[in-house]
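Note that the chains take the letters A, B and C in the order they are written out, and that residue 1 is the start of every chain.
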Amino acid sequence: MSARDAGVTASAITCRNLSVSFGRRPVLNDVTLDIPAGHWTAVVGPNGCGKSTLLRTLAGLTQPYTGSIILGGKPLGEWPRWSRARHLAWLSQSSGQTELTAAEVIGLGRVAHGGWLARSRESDDAAIARAMAATGTSAFAARRLSTLSGGERQRVHLARTLAVEAPVLLLDEPTTHLDPPHQEDVARLLREQAREHGTCVLSAIHDLSVALAADRLIVLGFRALIGQGSVREALAGDWLSAAFQTPMKIIDHAGVHLWRPALEPPSDA
Amino acid sequence: MKTLILGGVRSGKSRHAAELGRAAASVTLIATAQPLDVEMTARIEAHRAGRPAHWSVVEEPIRLADALARAAAPGRTVIVDCLTLWLSNLLGAGEEGGLAREQAALLECLPRLPGDTVLISNEVGLGIVPANALARRFADAAGTLHQKLAALCDRVVLMAAGLPLAVKCLPLLLCAMLGWNAAAHAAGLTLHDDLQREVTLTEHPRRLVTMLPSLTETVCGLGACDRLVATDRFSNWPEQARALPKAGGLDDAAIEMIVSVRPDLVLLSRSQRISDRLGELGVRSFVLETRTYADIARTVTIVGSILGLEAEAARLNTRIAQSVREIGDASRARKSPGPSVYFEVDRGPYAAGAASFIGELLLRLGARNIVTDDLGPFPRLNPEYVVRHDPDVILMAPEVPDLADRPGWNRIRAVREHRLCSFDSDTRDTIVRPGPRVPEGMRALADCLARKAP
Amino acid sequence: MKAARDWGRLAIWVSSCSAITAVLTGLSLIVGTSSVETSLGWIFSPDAQSAVILWDIRLPRAVGAWFAGALLGLSGAVAQGVFRNPLAEPYLLGTASGAALGVTISLLAADASIGGLAWAGKLGVTGAACLGAAGAIVLTIMLARGVLETASLLLSGIVIAFLLTAVTSLLLLTKPEIWRAMQTFLLGSTGFLSWSAVLLLGGVFLVCIIPSTLLARGLDALTLGEETAQSLGLSLPVLRLTLLGVTALGTAAAVGQIGVVGFVGLVAPHLVRESLSVNHRQLLIAAPLCGGVLLQAADVVSRWVVRPAELPVGAVTACVGGTYLVILLWRRNRVGS
């Protein structure tokens, strides 16, 4: 709550002049961002603009980068592995095939708190229970992940990231595979997570209508940052049309922003 | 093919018949002996022990024609051992018409029998005319029967001192294979090789390639080393062969190399499947498989006829047979009963069983192989088998330094008392190569047994 | 409550595996070159020779086969976890080919007493196999430039296996006499397992099972993907190196003692997964038990079928394992269609 009151200046993650290339192909070019705590920030942009790469780089995974990334006031590279894993939880866009049960997967979110060797403690069990409750996954906790539907699986993975109880959540497409009511649930969950726990929630989101429900937007175009700020600022600056390189029509329906496709209605309507 | 083998007492008739039967898919022996007294029983037992285990035996003292008709089949060799006893059984039965009836039945059915038939009989008419009336009648009957049978048979062999003498021989090619007849000198020698291919040679080859060490050694043993133009990689004896161009090995024969030395004939082993390819390239080849001790003489004879060196082949065979017999006799005389032995050809442990070539040599040396012939030539044993059978002597092809470290093996008598032999690679060659150097290999085995047997 | 049920099923698994092991060990004592009645007679009234056969040959053989199978089962389960591939097996990193080359060189050296190779002859087949297996893994890891890239590790393993096999074949061509001894090794043999081999295998098994089960949660995390595992705080290089080291050590020890016995490492973890819903801690306990039972059974079969001769134990496991995989595929295809 306090982070939110302090305003946008209380950055959970900052990056300056961040550039990432895959081989000789630049993916992110000179991106400077301030991502505040206590807000849900959505990253939007066309396919292949580098949303996932941005999240992975901020999570300290994989590729080398130039520029600087500051996590919680300390350069990302200086974080010890375990404390970074406790401070920052990451949800990948696709998860591997696993024979584990839902409960076991969610339990893995607590690994950073006790190391590989420790058996689970009460605090872990409590965190796991909270994460399950928040995502509605308790019902199938005992089932193998491979037997769950795509949506259920996605919620289990979300629960696993929540179970870390990290101040920073980086979520790559958390609403994919979900039907509209569950998309809404997740959006609500992320908003609450930011508002009530002061978490910095950063999510790449494909679906514009869900993304426009976030507190803030980071709009990426090809290779360049179009803008970052509140949804109102983004709409005022028409950043989306710039990012997608085509006019994007957004309608305001009693404060709820919706993207309207420029598609003609079906002829027999 | 019908063969009649005649000969005196212990002239090697049965052994020769066994050699004739070796190539057959199956062999049935019709034994005419009746175990009427103790001496006869002992003789029958001795014969039985000398016979390969896979032979089937039918005992028929009287109704020989019926037994023959029942036993004969395509691809099978039926051996009758022997007509003499059958005749005396008939005479002894006292039924006058019986002898005439059975003889007629035999002469009538013989030409129609499928497969090969080998008839063994004693040549009894060589001494003075017997004084005893029954004996005279017997000699008369045998003589008459032999004449009639000889007319019906393709081959008639007279055995003398263990050596076959061809009295009648048809057709020429088989006789040539058996080295009995000089007719092979005639142009157009046709032979069957061990792939059952017919190979016709218009003249004896002058440029020869051998693709197996034992074949190289056979050719050189016949004094024809100078006809070799190339050999396989492993032919390292004699010195002269060592210097020749090497045309690959067992599995990687260098066809290009073989073709380039322009041979008249290539001698191959059966596992080298290059004869078709060579044929396409216009190179004649002959496949020989030498597996058993008896095959050695066969190979020598065939190679002899191919090279036109029949006399040399006969001499070489006699020399080999004589040496083998001498070494065997000397060894058997030294130790009786012979030691029990285990021959390890490879870790595994793979043993040389009684059914193998090495096993045959050991048997001739009077050793008792703990690996019986029903286990096959080179079985892979459960190691505890060796511990249980506790051999007196262990022979190893390559030395196994950690033999005593094998679980339980330090309890084996041979290991405890250091009755172990191993052979260097040159000696090993003479033991495992079924060729003219087999007496050397056998001597090495005999030396081992002489030194190590308890 | 759910976890309790899972551990309960594991307990059933463990106890039934132990029971089968006990039965197989008993069978091992009475199955050999002698008849069952004779063997039973020996147990109740042994003489000096039969005591040696029972307690110095058959028993260490049974126990050693169990440990070797357990090592292969463990190595297979670990390899499948590290490579996140259910078809991974212990020989994936070129171990088998390296061991075969080592054995070939040692046989050549023992045979020909080639000057420079005398050391290889002294090493013995077991040592040479072990060294060859370890060498192959080092080569594979060097070629893959570390352990981080799964794909390059797998590819390097295949390349190294091919190269070493080619060298082995070339050496065999020059000296075909050692082919049969080579084949013994390539098809596996439990015949010469002694108490000292049992001690070695048992020691290695302890050394392998402890770090594996301790790192089981790491393997669990790895099933979610390498990046996810990393984001959970896992050090991929440390985990990989340790676990690949375990696989390498376990496989090299087993291969050194019993030769290249296939399918146990592949099939044992599959059998466990078929019957248990498992995380890695449970899998790494159950798979070795299953591998031990498999190899022990194969050993009994190998010396029973053609007694007093013997079948190569690897051929038996290949028959059983191959059949099982065929059934598995067939069932899966049927479910799919």
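Here is the rule we go by: a contact is a pair of C-beta atoms (placed from the backbone, for glycine too) under 8 Å apart; a residue touches a chain by one contact, two chains touch by 3 or more.
On a predicted model such as this, the values are computed, not experimentally measured, just so you know.
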Per-chain Cα centre nearest the global Cα centre, belonging to chain: C
Distance-maximising chain from subunit A - centres being C-alpha averages: B
Between subunit B and subunit A, distance of the C-alpha-averaged centres to the nearest whole Å: 86
Centroid spacing, where centroids are CA-atom means, of subunit A and subunit C in whole angstrom: 44
Per-residue overlap in subunit C, given as positions that touch at least 2 other chains: none
Subunit C to subunit A touching residues, read off their complex: 2-3, 84, 214-215, 217-218, 220-225, 227-228, 230-235, 273, 277-279
Touching residues (chain side subunit B, partner subunit C) in the complex: 233-234, 249-252, 345-350, 375-376, 378-385, 387-388, 390, 397-399, 401-402, 405-408, 411, 425
Residues of subunit A defined as touching subunit C within the complex: 56, 59-62, 81-82, 84-86, 88-90, 92, 94-101, 103-105, 108-109, 111-112, 116-117, 141-142, 144, 157, 160
Subunit C to subunit B touching residues, read off their complex: 32-34, 48-49, 52-53, 56-58, 60-61, 107, 110-112, 121, 124-125, 173-174, 176-178, 180-181, 184, 189, 191-195, 303, 307-312
